[in-house]
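Input: structures, listed below.
Below, chain A partners chain B and then partners chain C, in two separate complexes.
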Partner chain A sequence: MSQTKSSGPYLSIEDLKVHFKTEDGMVKAVDGVSFEVSEGETLGVVGESGSGKSVTGMSILGLHDPKRARISGKIYLDGTELLHLSENKLRALRGQAMTMIFQDALTALHPYYTVGRQIVEAYRLHHNVSKGTAKTRAIEMLDRVGIPEPGKRFAQYPHEFSGGMRQRAMIAMSLVNNPRLVIADEPTTALDVTVQGQILDLLADLQKEFNSAIIMVTHDLGVISDIADRVVVMYGGRVVEEGTAVDVMSTPQHPYTWGLLNSVPTLHGDASEDLRPIPGNPPSLLNVPSGCAFHPRCQHSLGKGSACETEIPQLLGINGAPNHVAACHLPESTRRRIMETDVRKVEVA
Partner chain B sequence: MLRFVVRRVLLAVLTLFAVSVITFTLFFAVPSDPAQLMCSKDCTHEQIEQTRDALGLNDPIVTQYTDYMTGIFVGRDIGKGEAKVRCDAPCFGYSYRDNESVWSNIKDAAPITLSIAVGAWIIQTLLGITIGVIAALRRGSVIDKVAVGSTLIGASMPVYFFSAILLLVFVYTTNIIPRPVYTPLLDNPAKWALGMLLPWLSLALIGYANEARMTRATMLETLSEDFVRTAKAKGVPKGQVHRRHALRASITPVITISGMNLGYLMGGAVITETVFGLPGLGKLSVDAVSTLNLPIVMATVLIAALAIVIMTMVVDFLYAVIDPRVRLS
Partner chain C sequence: MTDLQTPQADAASTATAGAEPLLEAIDLVKHFPVRRGMMASKLMVRAVDHINLSVGRGEALGLVGESGCGKTTTGRMLTRLLEPTGGKLMFDGRDITHLKGSGLRRLRQDIQIIFQDPYASLNPRHTVGKIIATPLRVNGIKPPGGVRGRVQELMELVGLNPEHYNRFPHEFSGGQRQRIGIARSLALRPKLVVADEPVSALDVSIQAQVINLLRNLQRELNLSFVFIAHDLSVVRHFCDRVAVMYLGKVVEVGDRTQIYDTPAHPYTKALLSAVPDVTMLGTKGDNRLKLVGDVPTPLNPPSGCRFRTRCWKAQEVCATTEPPLAQVDTGAVAACHFPESA
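For the complex of A and B:
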């Protein structure tokens, strides 16, 4: 979808590092990530599990246990730096200016409280209104996200909802305060494909209505191509490629992005064409490979002793598309050749 | 919900019935002759036979059982002919030793046990939950380690040893507290509490340990649940996240333990009552066992079973009240 108006990024992250101290050593879950999102814009953050995408989302809201996590860098929300904000001020922003939609609504909603009560709680935490007013608002939101009979559903418990309805309720709760930034952490992963489409449409509609910024954290490139304006690809706690959804999907520049695209089945693809999964496993964040973290799994690596193994590649612009950046040591011409012949592209909606 | 209640009550009645049948057969199958026990040493064979007949011991065991159960609910006549005595409900028969009615024995002992049980239970539950929650929230800190250590001591300390230490320290050495005696609560509440204090403490330490450990464990588990993270993400203040979201969800297993503890305590705290010389149900039953005073043993076993069955039922109801998912199934 296209933006309405955007005056400077609403959220900007600069050199974010999130390290966890464990018995085995320092886990570098996020290691120097920067990106921006504007109002009305949807940013897709893609990567395998363990790429640091969820950890990044959680640190924006300040949900990491400060005793366990070492966080450095800068996170600006509408000009306010969040990492050094007092717990109280941060709490006032959580659920109000920025909210999170979690993956599995069955575990993310409290099993002992009715859905209505949980939405009312979210609303009254940030609005000084009576329970009655909050209830009206909650029912209005349930209706808005397409839950039939919202008045009756208000009094039901999460386990009485179907998976899709539960995710809608979760979205209603996240959006009840008209947040300007919504972080959706794999919001459709637990749902079947038809429901997934409905939920994505719903998010897109609500975004148009409220002009909020959405960060869509997912491993699913299909979701990204449906909804995202821009894409950040993460690997091993770093950004390896960033650009508009069209650029990243149709002219991907990083071997890891190629791998992701080649392992996605498409409806329009040639049936005889095999899916090609990325060999190997995501790196252990305790011991991230030297140089380019992807090099042990990269088919196009320049080989032993090369820059791929010794030097961390910088995010550099692509010729002709300055906002499309990738971190790869391969010469751009080589990459262009491989990309054009050997990589499946995903159509962007 | 109504179906749930009815089903649970029926199940409880069935359990009690089974317990009564089993204890009845067990005790009346032991190779000891009550008639012999009731007689003096120079009893003749005829006298014993007479007593057996009067007690109904020659009747088939099913008749004996139904007589016994009838006695509990509506009362019955014991003995035959001139020796016939009316025994009003709840009739548990007569003690073999002194021919006193079992029920009057129980009536004397029950308030003592109840006093000990309720007081100890309140202390252990409050202490257990509080310490468990604090330990979980301060996981890994010195407070947590001290708390876990104290529960280890509580769990592994034998009651008789701890009770004896309490007596030694507070009664015999320092005289801070008088020797525990039972004063009825309504006569003098202060004296009642003072007299019960040491038994309470000795039992509370044992019970608190497992409640605290359970609270800590479930609380830690709940704190890492997704819905707790959701609460934080909504902007719920920390204290409320812990109380309203985390504790509420971790309290159910603690209620089970706590409820069962109360059930056990109400059946009589044998060792504590013995150490402190308080003639409650526990002491009554142990004394009865050592003299093979079967009517009393039978009655105390039934009461202990009743306490446990009732508490299990209460725990189940509480589960349904707390967890909406239980209500539906």
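For the complex of A and C:
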């Protein structure tokens, strides 16, 4: 948001649906999701397991098997519609126009090839340069992500790296082409906090330098608070709240967002107070609850037979904050009252 | 046990005030030999290197640090799943350092463990009833109301429906499975439970349910806990006292406010500053202290203070003299030549 925007957002998703046919029935992993990201912007996508956040990220890169997944909607990347693009054209975009950082570096790196070779390959896919030039670039990149002795590490295999270094090596590979859009799917969950900090800083630096757009997929509200410009909160395959990070965190409008905020332990405030978890479990995507998917766990639901149970709520704007939307049937005044009395206060630090 | 006032500890000895601690680790060491190639080399991984810890009755001690700091190895020694290489472990006034056979089995009734992975730690072919009853069966214990009665009582205690006695683990969600693991650990009415990352595999909303459950159980049953976790905010909500480990050493021990509000050891401070916290809204990571490099290898730890290679306060003395754990002016004990002041 800090950067000047060119014409329109870099990525825009319209009514994306990703359904998987399984033996048990249709899994509606993503069910009508729309959002946008601009260059230089960091969008946080938050949700628990099964909220559809990772599946959304994967469909942007076209990583779902078309035989298994039924995908509809539209995804525009810099004006190009991606869902109907051929595999060859998608390949040309992956790595430079868009890239992904995965959660599990061990499965994302090839065990038989040296780390350096994998980075060189990624670079030469988009740059017509000699192997020597590519090697220089790869070593420079390893150095950037904070790997000591990058020249020596270049020739080593993934198993010779520690967990944190492997993650950094994979990030180096993802970022070697200075991508314009980075989709980071829980990139730091498996890492120690100090390494996590280094990687969040690294992403922020690269963003400053190349004005990239970042989609940070995470379950960690702390990470969102720390780095996101805007936030999309997902539940049961749909977006339930969206707005600037400051709006969503300091004046949250959806009961699910309240639940998340009340259940995270923090480093400040009264530690003797019990956490207030959301009752129940995230829904099965085979059988998403009717109406608002969150209603069975919602403490403020309007009750049996009400709109909460029968009607899917629309994402509607909030008075006074036009870019802050939430999908909830509760009247805005009621929500404001609950938010002020019953939800953990988060203020801009 | 109200958790805030309890441990006005005689901090210098890292022990709780008053009565003798339930568990005490004195100068505890665990070294693992490494074999490289054909040569049986004398290289040792110094996983845990002379640490002192104590857990009071009804107290929850947190053990935090990065991966490889030795916190899990420490937990395994405290439960005697591993035998210490050196030092002494005292439990309830008895020396348990080298217990074997039936003595060790009897100890298991008093010390139990909760594992991190709720998927890998339950036998998929056993019903929940059988899983929770296993400790009773193994130890030949016949509870007054019958095994089934006791198991159902335990299931109710941890918030599971006792009617689900005959179900299998795959029929439960991650959070419920962790509850099964907790019920199993409580079956023998232990005095001490070591929980190794008990909530890190769970979703945020479920994580909070399990933390609250453990807190209630601790209060109701007056259990002692050793809570091992890398998530500092989770530990803050659960533990009265916290020990911070780095590369096989305890670098700081203090009560909750000392550790979190006035960290004395630079490592504690850096660790805390690195946690992305919801309360840091909009800071864009500006408060993070940048730690250079990685944790050095425990095969060949740095001389003197082990943190010196990454510490911004390091001076010559840090390389030559290992700082002892000593009381600092925040009230905590820290092993640092130049501790932060309160």
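One rule holds in what follows: the second predicted complex is superposed on the first by the 338 of 349 C-alpha atoms of A that agree within 3 Å, B and C clash if a C-alpha of one lies under 4 Å from a C-alpha of the other, contacts with A are read in each partner's own complex, and residues count from 1 in each chain.
FYI, a contact is a pair of C-beta atoms (placed from the backbone, for glycine too) under 8 Å apart; a residue touches a chain by one contact, two chains touch by 3 or more.
Nothing here was measured: the structure is a model prediction, and the numbers come from that model.
Partners chain B and chain C, brought together by superposition on chain A, fit side by side with no clash.
Looking at the shared chain after the overlay, A:Glu309 reaches neither chain B nor chain C.
By the touch criterion defined above, A:Glu332 reaches neither chain B nor chain C. In the superposition on chain A, contact is made by A:Leu261 with chain C only, not with chain B.
In the superposed model, chain B and chain C sit 70 degrees apart as seen from the Cα centre of chain A, a figure rounded to the nearest 10. Chain A has more of its residues touched by C than by the other of chain B and chain C. When the two complexes are overlaid on their common chain A, residue A:Ser49 makes contact with chain C while staying clear of chain B.
Per the superposed model, the minimal spacing between any CA atom of chain B and any CA atom of chain C is 5 Å.
Shared contact residues of chain A, touching chain B in one structure and chain C in the other, are absent.
Interface residues of chain C, counted against chain A in their complex, comprise 2-4, 66-67, 173, 175-176, 203-209, 211-212, 215, 230-234, 236-237, 256, 260, 270-285, 287-288, 290-291, 293-294. Chain A contributes residues 61, 63, 87, 91-96, 99-100, 102, 104, 107-112, 114, 121-122, 125-126, 157, 159-160, 173 to its touches with chain B in the complex. By the touch criterion given at the top, residues 225-227, 229-238, 245, 248-249, 322-325, 328 of chain B touch chain A in their complex. Across the complex, chain A meets chain C through its residues 48-49, 146, 148, 162-165, 192-198, 200-201, 204, 219-227, 245-246, 249-250, 259-269, 271-272, 274-279, 281-282, 344, 346-349.
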